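So, here's a batch of structures to check.
Here come two complexes built around chain A, the first alongside chain B, the second alongside chain C.
Our next item is the complex of A and B:
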């Protein structure tokens, strides 16, 4: 078991290192001087010299690479030349609303998916067909359109929720539902499929023959077993929620990482975009590593090997 | 949003989990709708719809006599009716005409993105699918690295480097899709490589290169159109998101994502500009997914 866990940890480190290296190589492979790329559309006297000094551009390429690696290890992601602040401050100040949105939506998606799978898996044809049709529709609906529809229905017509902003829980409801539903669509699909396979397992028949009620069978035995393959989707889930949060924030005019990133893309603020993308990759790698290790710990069959 | 690739082809399983534990296949929900007869009905509807989409992207003026770019100000924000099927937008432009003309942008960028991702994915996947453990390991880690970036954010980074525009978001979405396509092609290559008829060919004395060119490569490439159909839907979904953010085609282009972004200013008074282009995206994605999954199921036995 420990060798599995250690090799998983090592793989994650390699992947994280590779993503940092790839961004470094991408920066240097782009046509044009790196000063110009990093400065983007900004122009003021001494800017390019400052960038050259900050990034050590007079040094050899391997030296620049090691400098880049060690700076990221120290949590120094450079300076936004548009906002004239350290990137980590820009990103850090906007992190909270985005994390709040992504976490709420994630929990909501898991609850919805769990409920639908619990209720519809292995039931009659009608409920299954209905569930898979709803899943297909939600998995195929763009988040931003769902957001627009919810805005029209619940903010403009019914006036239940504010149109934009990020104050209080009421401004979180619609964005969280918007982000959660398409995610839940795909999650339900996976979970329901897994539960249906599990329901056919001999151990379920054994439990059933002991006279255990259908709900207890599903809740205690089948769902637990079916959650295992769903856990492997965790990494994808987090990545999808972060990416989706960017778009959702734009629909609802919510402050957050998305607004910062979009602004940075449009002003060619490369250091900011680079940092957001790298942070997202780190979060993704860390989360999927933890989940994969949990997978080994949860599943006795893997532990034994 | 980053639709996580309809995962049926994905073979990425963490930690070498034994097949029987991890082998929960996850087809797109369309695969499980109803019995065989219902699937056919959904399939026929999807086929007809895709035929219309293709016709609309080649000759949009067959479907409408309105100009998608020029409107009549006095006709602004008219609700749907006989004169304007989907109503008009703030500038009096016909929303139906704009939706019809928008088809070509979504299909073009979507297919462009799939072509970029699949092109790179074929090369890398075939390299990884050979019997060379070091190469396989290197390429597979490269896929891991690329897929550790959330698709939308990676595409945004690439747009930051390349600039906004249709071609650039197709490239960005394509690059973000490389791991997805690469892993499918790798799995396909491995399946063919280990198939009995390939072993036979080797026993008959064909060189490794001959076996590869004559038997492995053609059988890997047959799967490509199917893979493309399965993934075109999710690609269109990401593309529309990037356009909505303003990273793709710019107004007044009648692209669906752009139209929805513009509709936000009038939502308070008019629902139609915010509904129909979104309906077009969702219907398109569903139609391609249904067809893709049908093809995938149908050819599964033959390909694998």
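Our next item is the complex of A and C:
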């Protein structure tokens, strides 16, 4: 089992390296001079020369590539010439609020999906169809629309939660719900279908014949089987949460990566954009590695004997 | 067992049901699926429920746990479990009963135990969920004790393993352990040995018999009368949801009252049925012998004498290397296999699962290259040439699989399935005529031309698969367990069909089966496979009548047999 996990980790490193390489090649494939691209909308004397020196643009392409690789290994993502700050500081200071939001929303989505699936799978037709309808509505509602509706109801009318900002848990409630609901809608549908399939398996009859209660059967036996297809969805889920976070931050006026990214794109702040792209790639690689290991933990049949 | 049965009047029954009927809302036109079913099981007694698939025996047995299925409507008077009126039970009452009073053992532990949980967790569940024991150490002790009781060696190690890591026999014992961990009064075993090898089947039946001796009642559901003969005190024969015959095992099996029971007994293939039609069997009128049944069968057409050699297998060997993750172990699957098959001959291959029978079939069919040795078809090289070179001879070698349905393209109709194998072109009309005549040959007719395989019954599917094989006008047909998945009466019809066509057309058959009775009924010669080797071969009468090799002897001894089962019963009494 450990050899499997180690080989999976090595594969992830290769994928991470490939994404760095792709980013480098993309930058060089852009039309125009590299220093003009990296400078963005800013213009002052000596800037182009400074960029050329920092990125080693006078060297050969392979040398530039190795220089780029080693800088990223050292955690040096360059300088934002628009903000006149190292990129790592720009992104680093905004990472936490986004991770906070995405994680809260993710956990919330999983809890909602698990609970609804546990309660409705294989139960009466009415409750299932009602739940299924609500899930479909949420799964197909755009995040910004949902956010605006929640703001209208709970901030402007009821004044329960602040309209914007990122101070304290109360400012996290509405954004997290906004981000969680569409994800939960889809996740519930997948979970419930998998649970209903599992409920038809012969071993469920065996468990029933032991006198085990219906909720325990679902919680202890069926849910674990249903997690397998849900984990497959995990990669998509993380992508959705990150993408959704950008929009949600804008709607609720929260600081975070979304705001930074949007600003960077508008001001052609290419070093920041590059870093966000790389960060997204790394998060995806890390997430899919964790999910693959999760599979093996959930299903003993996948472990080598 | 019989001695306990004679005390029946003094012991309160575990279950007493009269006039049981089970129906499902909306299904079967609102009519009940099971009607007028009576059952009494007392401690230390085994009652067997026999019938073909769809006869309602599983639903009936599960209704004793109130697990007949969603929307099941059960009615009976009386319906008593441990002296309590089950008709007044609520869901909570039933739940308290399950596992403690009634334990359920189903078939195929691989899917009947939760594959994601260890054997130990599965066995412990019934103890902990009924709070029979609450201390984790005590639960563990009871779990290991139960695993030991069903004959699982090293229970402490096995408890940590998953179902897929155990052999078929150990797995099934673990399933039994999970059903009896809370010491239920009644064990309901639903086809507990189906799909197990005969030697493993004998061991599992032994475990169940031990439970009966310890005072548990057993309701054994089986389609196999021979299994039942050795263990049951009473037999109930079901058909279409009704009881057609019931009584003490000896009476039912030696004096079957209902024609269906007689048919069930007579349709079992064996050495005695050789050369005759199984499905034609009836009883000699007026026979009053109490130990042996006088069965009269119609003879099959005379077999053609064996002709030229069709298939030669010379010294083939095959081994597989396990993937790196498992540690690159090389497992030898076949070693030094040599035999030939002549025109008009039926050669049987018999052996337990894992003995290499199917690998041998794949090599003969040219689907797998042998590591060593050679296969020759009609005197020409076969295994040593590329597929392009084989194509010319392909139609001379045909195949009948166990699972006909999955061998059909689900979108093909019967006519397309058969037509695919017709040689030559010919006009549309001529081909259609040929397909209809092939369907006639296998006992179907032109009405089946446009049917989809899903809409056919198991027997009909196997008939189509025979017609498909015959369409190519083959010299030899490889049959891999072609009747294993069929009910006994359907099996008899398909075996009759195969035997009749074989003697009429003179096609050679290489017939693979784990069922010694089928082999004895049909084959001229037999090869006994064990661990990838032929341990014994020769004329069927010699090999199975006077076995020389210890393995053949143990195989024969493990085969349940109605007569022997009844004799053993006499001895026990």
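The definition used in the following text is that the second predicted complex is superposed on the first by the 297 of 305 C-alpha atoms of A that agree within 3 Å, B and C clash if a C-alpha of one lies under 4 Å from a C-alpha of the other, contacts with A are read in each partner's own complex, and residues count from 1 in each chain.
Criterion: a residue touches a chain if its C-beta (ideal position, glycine included) is under 8 Å from a C-beta of that chain, and two chains touch if they have at least 3 such contacts.
None of these values were measured; they are calculated from a predicted model.
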| item | value |
| --- | --- |
| Touched partner set for A:301, first chain B, second chain C, both or neither | both |
| Contacts of A:30 with chain B and chain C, given as first, second, both or neither | first |
| Which superposed partner A:60 touches (first chain B, second chain C, both, neither) | neither |
| First (chain B), second (chain C), both or neither touched by A:137 | first |
| Dominant contact partner of chain A by residue count, chain C or chain B | B |
| Contacts of A:268 with chain B and chain C, given as first, second, both or neither | first |
| A:206 touches, of chain B and chain C: first, second, both or neither? | second |
| Contacts of A:247 with chain B and chain C, given as first, second, both or neither | first |
| First (chain B), second (chain C), both or neither touched by A:8 | first |
| On chain A, the residue positions that both chain B and chain C contact, one per complex | 4, 299, 301 |
| Of all residues in chain A, those that touch chain B in their complex | 4, 8, 11, 14-16, 18-19, 22, 26, 30, 37, 125, 128-129, 132-133, 135-137, 139-145, 148-149, 151-152, 156, 179, 182-183, 185-186, 189-190, 193-194, 197, 228-229, 232-233, 236, 239-240, 242-244, 246-247, 250-251, 261-262, 264-266, 268-270, 273-274, 276-277, 280-281, 284-285, 288, 292, 295-296, 299, 301-302 |
| Footprint of chain C on chain A - complex, ascending | 3-4, 201-203, 205-213, 216, 221, 224-225, 298-301, 304-305 |
| Residues of chain B defined as touching chain A within the complex | 1-4, 6-7, 13-18, 21-22, 24-30, 32-35, 38, 141-142, 144-146, 148-154, 156-157, 159-161, 164, 233, 237, 240-241, 244-247, 257, 260-261, 263-264, 267-268, 271, 274-275, 277-278, 281-282, 285-286, 289-290 |
| Interfacial residue positions of chain C with respect to chain A in the complex | 62, 65, 67, 95-100, 102-104, 106, 108, 111-117, 125-126, 129-130, 162, 164-165, 175, 178-179, 182, 325-326 |
